[in-house]
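Structure incoming, see below.
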Amino acid sequence: MGGGGVGIPEEGGVKRKLISAIGVAGMMISLAACGGDNGDGGDKAGADGYAGQTLTVWVMDGSSPDQWQKDVAAAFEKKTKAKVKFEVQQWNGIQQKLTTALSEENPPDVFEIGNTQTPAYAKTGGLADLADLKNEIGGEWTASLNESSIFEGKQYAAPWYFANRVVLYNKKVWAEAGIKDTPKTRDEFYADLKQIGEKTDAEPIYLPGQNWYHFVGLTIGEGVQLVKEENGKYVSNLADPKVAAAMETYKKFQALSKAPKDKDEATPQQGEVFGKGNVGAFIGMGWEAGIAIKANPKIEKEIGYFTIPGATADKPEGVFLGGSNLAVAAGSQKQDLAKEFLRIALSDQYEGELAKLNGVIPNKEALQTNLKGNAVAEAAAPAAAGGGTTPLIPEWAAVENAPNPVKTYMTAVLNGKSPAEAAAQVEDEFNKRLAQQQ
Amino acid sequence: MKRSLFGRLWPNVTAVVLFIGFVFPVYWMFSTAFKPTGDIISENPVWFPTDVTFEHFERAIGVDHFWTYVTNSLIVTLCAVGLALVVALAGSFALARMRFKGRRGFVIGFMVAQMAPWEVMIIAMYMIVRDASMLNSLVPLTVFYMMMILPFTILTLRGFVAAVPRELEEAAMVDGCSRAQAFRKVILPLLAPGLMSTSLFGFITAWNEFPLVLVLNKEAEAQTLPLWLSSFQTAFGNDWGATMAASSLFAVPILILFVFLQRKAVSGLTAGAVKG
Amino acid sequence: MTVQTERPPSGPVDVTKRDESGLAGPRPRAAFRAGGLTPYLLLLPACAATVLLLGWPLVKDVLLSFQNLNMAQLIQHVTEWNGVDNYKEVLTGEDFWRVTLRSILFTAVNVALIMVAGALVGLLLARLGKRMRVLLLVGLVLAWAMPVVAATTVYQWLFAQRFGVVNWVLDKLGWHSMADYSWTSSQMSTFFVVTVLIVWMSIPFVAINLYAATTTIPSELYEAAALDGAGNWKSFTTVTLPFLRPFLYATTFLEIIWVFKAFVQVFTINGGGPDRLTEILPVYAYIEGVGNQHYGMGAAIAVLTILILLGLTAYYLRIVLKQEEDEL
């Protein structure tokens, strides 16, 4: 299946008919409803708009601030007369929940989906084709950010926001340890943390054993992927010495933390731990500061941000370029309304607002002006250029299901196994998942 | 009978040690819930909460939809137990008091039914409920919970029914009662302790269930307390004060029920389990 | 809550039998035969519920086990039969057999611990004075009444790596390497925590019921044994044990079922980890099926799990079968 999707240059009726001939059910619904619409916003629902309807939108925990939700809901209601209900989801177990939800009569109409998970869901047929929306509003979407939304040439989601991890630190603790400046290299960073450990009561860094996004970042910094292609099949690349080198770096820093070696950054939320005020730093998303502040409002003025330092001062650490797309469920009964929502949520105004509030990278370069003066964004930006993701292949999503073999690998190394042993230990499981029948 | 001092002492000492072993986790749950965070996260445990706080409870109750969960849990659990008792009473009476072809098959059947590992069949149950358009409803939960406790209830009640002296029933029938009347007037009152101790088991099972409700009901309006407790735990993993407060709140209804029914249940035990 | 033994648990079996033979033959018989359909009608709701609510999911599960059912098929409601592929894959892989063996060992160890410790505590209850007995009963009832979801949470806190009271005590007892020990870091330590939890929750049921059972042993039996010159141990083996045998069988049966299915405890404490080393069959089925979104495979493992459980309890079911036969 090649034709369609991203290759639709104009919004002509001919092209539309062509697509509908392909016959994907969800797509037909969406196109049929777009009837005589010329893409000018689609106010075709009559004078009453969509009064009385409610659109359900799933967003992940922490990804969109309350303020943004409120503003978007108000704009949405004003334009469509319909209501929007945001439901906050946890990352843990999200795939299981999303899969069943997409099979139901009333799936969430619009939902946030992680960029690494998007290809797998695109392949299931659970996501509606958004080709016309892309034509209408997606002309300026940054191509590299849009990559995960395209599967076999079709547009299955819309890029929403992107972010990479930074170091969040407690200025008070650092001052107490007598550190004046933020570190520029990995070694300086390590030395600073050591100093905190020696001169203060605080835990220098909170780094649980399974913050695997940070680990992926380190592997990207080493210039290596976790997966390689062998005879047309994807297999584990954990045994690569560069992966081992990344893991050694992780281990070195983890040794400074009292955080559990077999938990990830969400159990407990590392922001919560940091919020208690007795932790020097942690590696996380900028918005995780919000969690800390919610737990302890007094911490707000102490929080600072800096780029994760790399091996040398001229090149920051590699980072995982996390991101989320917004997708519409193919089974949603409210395809038009869902697209109305996307038009509003992804409009320059609200996309810009999200970037500003959360310090995340917006889906258009032009909107990056919103990040001026934003401490988080300024700390994140230098590393973003060298960022990367896990391979954007449908096979990947299964790897992220608990128990994630990458996490198992990390814990094994932290508990004393050599990286090679640990890699050998989890390889079977890793390969099994990559080869899992779909 | 005379025993040495040691002979008299060791059972009591053992009993005290065991008592501490069994009570301590429960005690620790409640005491942690009432302690200020500083006392919880301290290098040396604070054994007795001196400076009692309710902040953890406020946090646990302050979660959105908390009271919805409470109501749902109560509705589902009580309905499931009630239904199971009614259905089981009829069945157990037949099994304990009547002779008919295939009785043995029924008994074995319920014993096998009792073994059902529900957690592994969840996706099948999910698909059935989904295809019947009954998701996000308390009805499937109630009937499935009823089924989870039904076999045990039938088999246990059967023991209690059998333990009611048959002469009493017959005497009533000689006095002109119908069989149904004899059942209602004679057997049922005698069964009260049995019903209570059986329902206790059912209540615990239904109150605790979470893998099924997790898959069936995605909307908070139709979720129950175990989900609240487990999600609370994920989100506030190391906030042991709040987690223990939530656990305490979750355990309290069962503990109260036990205290309330304890005398009846335990004497019911003696009567039902062994006496003729 | 009580134990159903294989016969109506009226300790001395002959009570029931005496009822029947003791009363003048024909009259009660007539009364009991009245309405040949009555027993079936009375059993109808229970049977209907079982067929509908247990039988149907079971059949559905068996059907799913012959399908290739993953994310795409579930979402699009597509049925893709794949014959016995799932079974082939499960049965030819090492994982399944390893998990099965682990499950059986896990069940055996836990049930043995529960039954021995439970019986000892039950016998201790019978020996204690009234006050101490009430004290111990209170302790047992509290542990018994703890809902499993709350109990697993509490155990996580007791065994927490940092600030967990267990590590603190071990440290103070001179075991300093345990001061910051992570109980979830290895297979054995995870199983240790799970076992302590399960044994702790299960002993009260066995102990209290066993105690209740011992109170009904007619004292004449002991007197007779004493006359024959039996000592404590002898009278225990010749009187107490035989009297309690049906009860012990029934309880063991229940404990096997409950421990084998201890999904919540194992799953909540460490999710079957580390490295999937503490998965028992129900957890394995759940992780492969629901967790890994390999639903057909999960269904096949579920079917096999049920068969194994039936196998484990077959011995007891056979006893029941014979017993019921004798009674008819």
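We call the chains A, B and C, going by the order they appear; numbering starts again at 1 in every chain.
Here is the rule we go by: a residue touches a chain if its C-beta (ideal position, glycine included) is under 8 Å from a C-beta of that chain, and two chains touch if they have at least 3 such contacts.
Not measured: the values here are computed from a predicted model.
If you tally contacting C-beta pairs for each pair of chains, B-C comes out on top. The chain with its Cα centre farthest from the Cα centre of chain B is A. If you average the CA atoms of chain A and of chain C, the two centres end up 43 Å from each other.
For the pair chain A and chain B, the distance between mean C-alpha positions equals 42 Å. Taking each chain's centre as the mean of its C-alpha atoms, chain B lies 15 Å from chain C. Residue numbers of chain B whose C-beta contacts span two or more other chains: 215, 238. The set of chain A residues that touch two or more partner chains comprises 100, 103. In chain C, the positions touching at least two other chains are 162, 290. Interface of chain B with chain A (complex): residues 126, 130, 133, 135, 215, 218, 231, 234-239.
On the chain C side of its complex with chain A, the touching residues are 68, 70-72, 74-77, 161-162, 180, 182, 184-185, 271-276, 287, 290-294. Within the complex formed with chain C, the chain A residues making contact are 95-96, 99-100, 102-103, 120-121, 123-126, 258, 260-262, 331, 398, 401-403, 408, 411-412, 415, 425-426, 429, 433, 436-438. The residues of chain C lying in touch with chain B in their complex are 1-5, 8-12, 15-16, 19, 23, 28, 31-32, 34, 36, 38-40, 42-43, 45-47, 49-50, 53-54, 56-58, 60-61, 64, 121, 124, 127-129, 132-133, 135-151, 153-158, 160, 162-163, 165, 168, 200, 203-204, 208-209, 212-213, 215-216, 247, 257, 260-261, 263-264, 268, 281-282, 285-286, 289-290, 295, 298-299, 301-302, 305-306, 309-310, 313, 317, 320-321, 324-325, 328. By the touch criterion given at the top, residues 90, 92, 97, 100-101, 103-105, 263, 266-269, 272-273 of chain A touch chain B in their complex.
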